[in-house]
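Look at the two complexes coming up: chain A is in both, with chain B in one and chain C in the other.
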Partner chain A sequence: MAEAAIAAAPAPRLRVDSLWIAPPLLILAVLFFYPLGLIVRASFGEDAPSLATFEQVLMSSRFLDGLYHTIVIAVSATAGCLVLGFILSLIIAFVPFPGAKMAGRLIDTVIALPTFLVTLAFTFIYGSAGLLNETLMHVFSLDLPPIDFLYSQWGVILAEMTVYTPFIMRPLLATFSTIDQAQIEVASSLGARPLRIVRQIILPASLPALVAGGSLCLLLTVNEFGIVLFIGAKDVITLPLLIYSKAIQEFDYTTACVIAVVNVVLSLGLYSLYRLAIAHFGGRRAGLV
Partner chain B sequence: MLVWSKPWRIATWAVAVPLFLIIYGLPIGVIVLASFSGQWNDILPSNMTLVHYSKAFRSDSFDALKASLLTGVIASGAALVCGTWAALALRNFKTMPKRVLDLLFFIPSAVPSVSVGLALLVAFSQPPFLLNGTTWIVLIAHFVLISAFTYGNVTAGLARIPVDCEQVAESLGARPFYRLRRVTLPLLLPYLVAAFSLSFALSMGELGATVMIYPPGWVTLPVRIFALSDRGAIFDAATMATILGVGTLIVLAILSKVSNRAAVR
Partner chain C sequence: MSQVTVMERTPHIAKPFVASAAPAASDGSRIGFENVSVTYGALTVLHSFTLTVNPGEIVALIGPSGSGKTTALRAVAGFVRPSGGRILIGDRDVTHLAPYDRKIGMVVQNYALFPHMRVEENVAFGLRAHGAAEDVIKKRVPECLAMVGMSTYAKRYPRELSGGQQQRVAIARALAPKPQVLLLDEPLSALDAQIRRSMLDELAKLHRDLPNLTVLYVTHDQSEALTLANHIGIMRDGKLKAFGGSQSLFRHPPNRFAAEFLGRANLLPVTDVQPLDEQMAKVRFGDVTLSARNHHGLARGSDCLVCVRPHDFRFSRASEPNSISGTVLSVQWQGDVHNITFDAGGETVRMTSAPMANPPRIGEIIAVHFDAAEVTLVPEDASHG
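On to the complex of A and B.
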């Protein structure tokens, strides 16, 4: 009896302590999970729940087109970010140039700034009356702007690459700083050429950071809204933009809710991928913690 | 050092430095340049002017600046309190429930901002919560979107602060609230400042959810920039973008100074 009493004694205290989680949890439930639940309910139609709206929307060409663009843009931008981020980090970490520190700081700055700023800048650089076109027209005395990719999905992909490459570089640079420089020096003194060192030492070591950073990038590019809205190309519609135009411009809330549910499921899937990547490699090794 | 021969190293730099400048320096440069230009019909702007800046500090644009700053401070403050509270409370839990609750607090960061905006629009346009068309709905959206980041930052901070200080305080008889106020929170201060900075920067740049729900009287800076650029007033848009960028960076720089000083103490 006495033993049982001693064993039971701390239990009530623990239960009272765990009640402290209630207020933030309640706030999260009312402000986030309740609204999320409502769009799921709304996506099944106003009256009797049915899958009719779902079927109708999922089969519509606008939705399929949006899904296609979302995936193509996200995958290409992420691939571009991985390549560009790997090369830039490699140079900053292993072929340090004067001002490499500044470059690192510039990358942190880019992460802190809103994404659509890059699109605005691109209008001035690559737009039809932008810096590049005006220069080319002057040099080659052309009448029409020769470069015209900004208002297509290539413009979106390039803008997203610019904005999200720092998200790859941060964990990569953290990983690179843990690689033993002596290992590289020994390898190169034994006659290994730079490409071989990258392939056999640096790439395997940075795999966790690349996987974690890449999946984060994929999540962010699937959900990117500002860049696509600012480019405003008529034939580049992604899922977030489709939700916006359905709800705000056409007042078609049911369709918007269906697309939002698909978008949320897609990004939760990608988020699980990201968490799995971190759990598998360990946050510290991925350079994310 | 990966490249040993000098010519190769110089060749690498000759490619890397311009590449870097074109990708990251040029966009920032042209926005700032455009914010000062009166006309830009040639390769470079033909005359420089401050007229966009004087416009920026008047009427609608200035209201947008105020709205963004207030939204950023209020939403980040609320998210900081809520996130710190949740992170501290979660320390009382065992592995499994802890992992589930941890995931719940992280989920808002994984949901697209436009969908969060739509969800709030649907939920708060009907009873029992009628908030559509008020400033509250913008504050709530920003709070929801940044709460996961503050929570994450504070949790990471809690994992790093030394446990023994708190244990010593407890063994010396400090009551839980006293311990929290005098030991845990001061130790956590650098992480709290970092969490606030991150949320503030995110809130200042938030567009996806805000554009779905903003009432006419509470237009934030990103929404205003979009309206300007959509209307073709790209120089004014560039000016507001410069103000947004510079303003955010100044606040971040001040906060990082504060955080460093707190860490030294």
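On to the complex of A and C.
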């Protein structure tokens, strides 16, 4: 009987629809995994593979300096984006003013702009020969430009904040629109002043959006290259800039590949944190993970 | 004795409605609307609204959607800024006061519990907002939860509670800071019928336990208003169309709209009012002479409506006073009652009766009568309402 049942069971067949996975896998393999594999391979040296280059690069002061700046800039810019994004979103969502809806729509426009435009605008405004310095020098008869933060770490952080704050605001505004207005009104009727309502009602409700937006922001700022390069801040070098410098300017591909591998590991680590955060706050249920 | 006075602006009523209720608590919890108007752009949603809710009373505002009842409540809460008039809580003019300074409690239809806080934290929210000491909070929160029978749910989150339980917590949260005034905005609308009945009983009990609490209750459900309220205001198009004691308003509605909205009254057109004394009058309904209360003092010879509630009709065995006859149009059995409609002189009349073993058949001629003292003459205003 059992034999008959086994005989009657249909033989496993290759489902035609499962082949749909092949083309994207092939494209990924050619365009992503193969070059990545080459980078990892190159990072171990050209002759006999060894970790000697890794040890040498990871202990070098330039790498450590680059890693330090990458982390400081990314963390500071993300923190700034979170604070600025939260405040601006609160104003747009909860303070009734003419043009609030239009301001919300402008956020999307800023996201669509290339990052170098913001950096260029910063140069025009805050640069040595920028609008602000020119005006101040003219008004106060100064010989040297008084505002001199743009070509420092702070200039990079401010530019990144300007570019990436909308990435915090977009999910925040979406979350704010789902907060039950009655909760805010009831809290107010119970004697809660606006600051308490923000702290105890709005902030907890927007925590998932803040964590998700903040993680994304951190991921993007760790890998930011264009803004740092365009600002050209003196003594501010980040990992992406160090890779560029080693590979393109010094033709030291092995060192560049070692740093690239570290950068990829850092990015994947942050991406894993991002996914964990989303999953923790219910993204799995919403199909985000 | 304080009085509740509302001017009715129909041509048939020259005198104001006057309903009076002795204040039961301190004047600090009185709610007063003085000619309050609310406009949104060119649209006026509340027209010169004047009403006083005396301390310790429950006043229900009822009316169809868009009648302005919720706007009136939100104006007291401070979420709507009046374009004219004054709002008083006790002797304080709160018209321009922020909601958090008004010392009110509010319960809304969808509970609006804070989802990230446990039940006890929800209840403690108002106390903390008022800066209450931690030992006061620890004493008051269990008290309030016990008041609404939710003591065992203190550690739960709102999502772990049923709708009725969430609304109990919302009530406890509103009462925790001991507000002078409680505003209830359709608090039972989201509950199913059985839980709503039970919550209605609990709200009535709660008010018996807290007799000093002044309550403004907005609902579209007349049975909630009749069960709970000392006084009822009926609103339409941003105006108070009628106001009075619940029983008085039900028995003697001042106009057609009030009669139709509060209970399903039969309004039979009658002519030639002939006052018999200060209380009663005779009128003509077709060929029949009827007697009814002339509660609103309608003038001799005028035309009006006689308001007969469906349950006020009784079957007549013979020709009795206040008897009318008609042809049965429909008979519906609803378990504890029979609903019958019949045509009397071209008017469709509804009556309810205790369940009958042999109800009348459709097309049968029936005769019914009513007690003259139970029915009221109602002015027929030009706007039908």
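Here is the rule we go by: the second predicted complex is superposed on the first by the 267 of 289 C-alpha atoms of A that agree within 3 Å, B and C clash if a C-alpha of one lies under 4 Å from a C-alpha of the other, contacts with A are read in each partner's own complex, and residues count from 1 in each chain.
Please note the rule applied: contacts are C-beta pairs under 8 Å (C-beta built on N, C-alpha and C of every residue); 3 or more make two chains touch, one makes a residue touch a chain.
These numbers come from a predicted model, not from an experiment.
Chemist: Could you tell me if A:Ala256 is touching chain B, chain C, both of them or neither one (first, second, both, neither)?
Modeler: The first partner, chain B, only.
Chemist: Is A:Arg105 contacted by the first partner chain B, the second partner chain C, both or neither?
Modeler: Once the two structures are laid over each other on A, A:Arg105 reaches no partner at all.
Chemist: Tell me the contact category for A:Leu36 with respect to chain B and chain C: first, second, both or neither.
Modeler: Touch status of A:Leu36: first partner only.
Chemist: Comparing chain B against chain C, which has contacts with more of the residues in chain A?
Modeler: Higher number of touched chain A residues: B.
Chemist: Thinking of the overlay built on chain A, is A:Arg199 touched by chain B (first), by chain C (second), by both, or by neither?
Modeler: In the superposition, A:Arg199 contacts neither chain B nor chain C.
Chemist: By the touch definition at the top of the document, which applies to A:Ala182: first (chain B), second (chain C), both, or neither?
Modeler: Only chain C; A:Ala182 stays clear of chain B.
Chemist: Just checking: does A:Leu190 make contact with chain B only, chain C only, both, or neither of them? Give me first, second, both or neither.
Modeler: After superposing on A, A:Leu190 lies in contact with chain C but is clear of chain B.
Chemist: Go through the superposed model and pick first if A:Phe124 touches only chain B, second if only chain C, both, or neither.
Modeler: A:Phe124 sits against chain B, while chain C stays out of touch.
Chemist: Which chain A residues are contacted by chain C in one complex and by chain B in the other?
Modeler: In chain A, positions 185, 188 sit in both the chain B and chain C interfaces.
Chemist: Going by the contact rule at the top, pick out the chain A residues touching chain B in the complex.
Modeler: Listed in rising order, the residues are 14, 17-18, 20-21, 23-25, 27-28, 30-32, 34-36, 38-39, 42, 84, 88, 90-91, 94-95, 97, 99, 103, 106-107, 109-110, 112-118, 120-125, 129, 131, 134-135, 138, 162, 165, 181, 184-185, 188, 194, 197-198, 219, 222-223, 225-226, 229-230, 232, 239-241, 243-244, 247-248, 253, 256-257, 260, 263-264, 267-268, 270-271, 275, 289.
Chemist: What residues on chain A touch chain C, complex-wise?
Modeler: Going by the criterion above, the answer is residues 180, 182-183, 185-193, 196, 200-201, 204-205.
Chemist: Given the complex with chain A, which residues does chain C contribute to the contact?
Modeler: 77-79, 98-110, 112-116, 125-126, 129-130, 170, 173-174, 177, 183
Chemist: Once bound in the complex, which stretches of chain B touch chain A?
Modeler: Interface residues on the chain B side: 1-4, 9, 12-13, 16-17, 19-20, 23-28, 30-31, 33-34, 40-43, 82-83, 85-86, 88-90, 92-93, 101, 103-105, 107-108, 110-116, 118-124, 129, 140, 143-144, 147, 156, 201, 204-208, 211-212, 222, 225-226, 229-230, 234, 237-238, 241, 244-245, 248-249, 252.
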